[in-house]
Amino acid sequence: MTYLGWLFSSENWAGSAENPGIAQRLVEHLGYTALTLLIALVIALPLGAWIGHTGRGGLMVVGIANALRALPTLGLLVLLFLAVGLGLLGPLIALVILAVPPLLAGTYSGVANVDPSIVDAAKGMGMRGPEVLFKVELPNALPLIIGGVRSALLQVISTATIAAYVGLGGLGRFILDGLSQRDFPQMIGGSILVALLAIVADLLLGGLQRLLVSPGLQQRGAQAGPGRLRLIRGGAGTDRARAA
Amino acid sequence: MIEFRGVTKRFPDGTVAVHELDLVAEQGRITVFVGPSGCGKTTSVRMINRMIEPTSGELRVDGRDVLAGDPADLRRGIGYVIQQAGLFPHRTIVDNIATVPVLLGRGRREGRSRAMELMETVGLDPSMARRYPNQLSGGQQQRVGVARALAADPPVLLMDEPFSAVDPVVRENLQDELLRLQSELGKTIVFVTHDIDEAIKLGDKVAVFRVGGTLAQYDEPGVLLSRPVDEFVDTFVGRDRGYRGLGFLSSDTIPIGELPTVGLGDPVPEQGWHAVLDGERRPLGWIDGGHRPGGATVSEGDVVPGGSLYPVGSGSLRGALDAALSSPSGRGVAVDADGRVAGSISADDVLTALPDARRHDPAA
Amino acid sequence: MDWVFRNSGLVLELTGQHIVFSLVPVLIGLVLAVPLGWLANRTALGRSLTLNVAGFLYTLPSLALFVFLPPIIGTRILDPLNVIVALSVYVLALLVRTVADALDAVPETVVNSATAMGFRPGWRFLTVELPMAVPVILAGLRVAAVSSISLVTVGSVIGFGGLGKMFTEGFQREIPQQTISGIVLVLLLAVVVDGLLLLAGRTLTPWDRSARSRRTAGRAV
Amino acid sequence: MERLRPVRLLALLAVATLGLTACGGDPLAGGGSDSDPNVIAIGSGNFTESQLLAEVYSQALQDAGVQVEEPVAIGSREAYFPALLDGSVDLIPDYTGAVLQYLNPGAEQTRPDDVYRALQAELPPALVSGAMSQAQDKDAVVVTRATADRLRLRTIADLAPHCPDLVFGSGAEFATRPDGIPGLRETYGCVFGSTRTLDSGGVLTVAALAGDDVAAANLFTTDPALPENDFVALEDPQENFAAQNVVPVLAKRKASPAVTGVLDRISAKLTTAELLAMNAEAAGPDKPALRTVATSWLARNGLLSPAP
């Protein structure tokens, strides 16, 4: 018996008014992910850059990022459903809460880990605060920032799947609906789609990283230094905690 | 010219890093701040471009109060070189050097062409322009650092331990290069180091700081060596200061004596040390008369390596003494400006000339 | 918390299940990660292969992995084995990299001097390299354990037990107290396990006391 | 630190998915593994009433000295019925009409006794049912009072002309069940404009209906949320939804006289009013544990032996 037939049926892709198809669910999933990431970036980038730039509140960021590792996603989704009711708002808040810490930690540690002598040189040459931040600190922090974005992205794609449980659309629907309709091909198909989406998104960001990060920062080993730094910038990011 | 008038820096935790500093770094000269760690030398230099704000006192660069106006504008007019260069890893060499011109609003293109000129000035191959800092050696990075500081042609250059992270051979190289550059550019340079030898080599004047941020002595290097004001400076200047002090005394009064010489292919002399010369009368080494392992005529295999050479007219007593002491014959070879043999000097001649040289030393 | 006391029997039972579901995979993952990490650290090809597969597995969303497993390992969908295997996969994926990195970070001078003193490779690995890698491995283990504890709850969406039931039931019956209690219990469990692992690490590596504070502070991401 | 090229990664994924297709069997076939012959494994749907009934069965059986396993909330009928068939659970509280339709989608009986009789004929040889109770919990198409007033709705037939303009909310299984969306289409000609997948008569559906996210929804007649929210359950004159009397369905090999005796005594006491009361108690402000609600109902009805 094959489970893949479901995935390659054009009928399943198109769906109907009564039964949304894969195309619509995929768009929904992408929509939730993009919206969440956008909101989370707007919150986390300036905050993380500011904390990293001034050095104030760094310990707090590390603490929060560590604590949120243990926060059960499903509990958060349910709690927010009970608090704000049905709709996009609850899951969206949950997704943003989960996406902010990796972004914040990436931006903060990226900026904070910029070699102090480089910042010193920048100031000494007469760069003002914003110039130091935008021309020196952020470009140098970019690998870690994008690392944070990748972490957040995977988190959001995974969690948006679970959010189907509290009534959200997206690809998670296939997994849960397949379970209640006793339609395993649908479950597997949905799972494959989610996994593919996660992998493709991660690859795209990896490509983006290669495009955006200065070649001067990509020389392998040139300044990666001891193990700790390398752990932080891990490419595929197995060192990042997952919560969903 | 950079003037410190009663400048004090007290950090929020109460530590006094610099206490009532009065000092003038002269126009077009290299002034070196030297001292043990915690003596306030780096704090002092960083107050000049307001990387650290003075707590009290007055600080002027070319007559302008540095505390008036915007620190960023001030810094754009002052070159700044730090340890390990502080190059921007995300920018190419040429863009690193062009940083300040671009900051000052000159176009990127103009900045780059200026950067290419400067690369040659500091002795970097222009083919490196498109590379990134981490593809360069430490010494090369330091040259880029100097070029970057010079890019906007600032009259003042601050150098904070710029050569302390490179190996001794490269460091000596960079020091020579800096002296050569300075002879062409004539900037007002304040140079911080913890290495007294570097201070003495580079400084037109040297300021020795003691822990607690006070100035122990501010003098020309020769004076520092010959007449340290107190025990602290004496100890800091270190051993052999008497000998090193000879380096700042003129050797013009030393009599140049005879030098027995022999050419390659000539018969080996009967006895005594002879300098072996090439066809241009440049010294190749020595041969000990009477010993003839290689046969009856002088061949290259017979030549014993000589010591250092003493350049007539431009040498110091230290150079003269070393030439004599490092020669196997006990007599140092004196050469003229073209490197041709001019005669010989002995250690006795140097010592005889010493009192006279001291009397004529303007610094003394 | 009132809710917890009124339903302590249920809570205890779910907590027990939760501990089994979340910590057995940590143990399995660790046991498999050490030899694999060692292998990964030996050759460039092995490293690239192991780490890439690990990275790939780690990218898979958990709910999807719970569903993938039954046809692969021949279980039924509600079999608790699915959760245990899925979480073991995550722990393994995370730790294999940590172990490889940790072994990589053992100073070469130490390894060389051990070799020079006549240690054979196997013995050297067990008595020199592995102990020296413990602090880094432990840091990874703490991350793995904590996220494993949080991940088990996802399984309750498709009917697995553990504290996640506090969420699904709290949801169905609209009991915020139950949901909040569930979150608090999961966090508490994570803190306790994390603390125990930290303590275990301290006892295992008495030589590393000063270095540790720096390392844990640095593991921000 | 190198990452796989996209192409190689996709290839890897392809291999993994091929692996998925290679194995046979249906992973959804059942719950866990086969149960112990001397222990009764109780399953239920994943909604409060079903879980409550499972607790009631479990405690009463335990009280009668039968060994039972902790009840497991499995999911929809599509998930738990196969588990019953393959022996991973032994006993399920269910509803006569729903089981009948599950076993025979073409079944046309709608009256309680007819449905029960037809069910006995359709049950597979490995299963038996206990006596049915008088308690009914029927599927219903539910609208808000405001919608009912505005469109003058009393029955599903009244709703039919408006269906194309309406959003309908239900659990996923309702979309595929014969008496679900297909049944509404055939019986009443009601084709909804769009549907929204929520849950099976649970909080999501209630919230969606109350918040006007959907205009009509599938809820159950004993749901205390109906009176709480002043929802209107539309009448079903064409009997699209069959009678739904609570009935225990169990594995024949576990159906000892002791077990069926206990179950039949429960069914005798269980009425729609009792069911409503139990649901209301569970939904009450205290939100007591379901096992507590079950215990107190059993005690009230004299179904537990007095405490020693």
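Residue numbering begins at 1 within each chain, and the chains themselves are lettered A, B, C and D in the order written.
Operating definition for what follows: contacts are C-beta pairs under 8 Å (C-beta built on N, C-alpha and C of every residue); 3 or more make two chains touch, one makes a residue touch a chain.
Just so we're clear, the structure is a prediction, and the values are computed from it rather than from any experiment.
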Chain groups still in contact once chain A is set aside, others held in place: B | C, D
| item | value |
| --- | --- |
| Required minimum of steps from chain B to chain D, each step between chains that touch | 2 |
| Distance between the centres, which are taken as Cα means, of chain D and chain C, whole angstrom | 37 |
| Centre distance in Å when chain A and chain B are each reduced to the mean of their C-alpha atoms | 54 |
| Interchain centroid distance [CA atoms averaged], chain B/chain C, Å | 58 |
| Contacts with two or more other chains, residues of chain C listed in rising order | 51-52, 55-56, 68, 71, 77, 158, 168, 171, 174 |
| Shared-contact residues (touching 2 or more other chains) in chain B | none |
| Chain A residues counted as touching two or more neighbouring chains | 3, 81, 166, 176, 179, 184, 187-188, 192, 195, 199, 230, 234-236 |
| Chain-level touch network, classified as line, ring, star, complete or other | other |
| Touching pairs among all chains present in the structure | A-B, A-C, A-D, C-D |
| Footprint of chain A on chain C - complex, ascending | 51-52, 54-56, 58-65, 67-68, 71, 77, 90, 93-94, 96-98, 101-102, 104-105, 136, 140, 143, 146-147, 149-151, 153-154, 156-158, 163-164, 166-168, 170-171, 174, 176, 179-180, 182-183, 186-187, 190-191, 194, 215, 217-221 |
| Chain B-facing residues of chain A, complex | 115, 117-118, 120-128, 131, 136, 139-140, 142, 213-217, 219, 222-223 |
| Touching residues on chain D, where the partner in the complex is chain C | 1-4, 9, 12-13, 16, 19-21, 23, 25, 27-33, 46-48, 70, 72-75, 79, 83, 88, 199, 202-203, 282-283, 286-289, 291 |
| Residue ranges of chain D touching chain A (in the complex, touch as defined) | 1-3, 6, 9-10, 13, 17, 20-21, 24, 26-28, 75-76, 78-79, 82, 171-173, 175-176, 181, 191-200, 203-204, 207-208, 211, 213 |
| Partner chain D, residues of chain A touching it in the complex | 1-4, 17-19, 81, 85-87, 166-167, 173, 176-184, 187-188, 192, 195-196, 199-200, 203, 206, 220, 230, 234-236 |
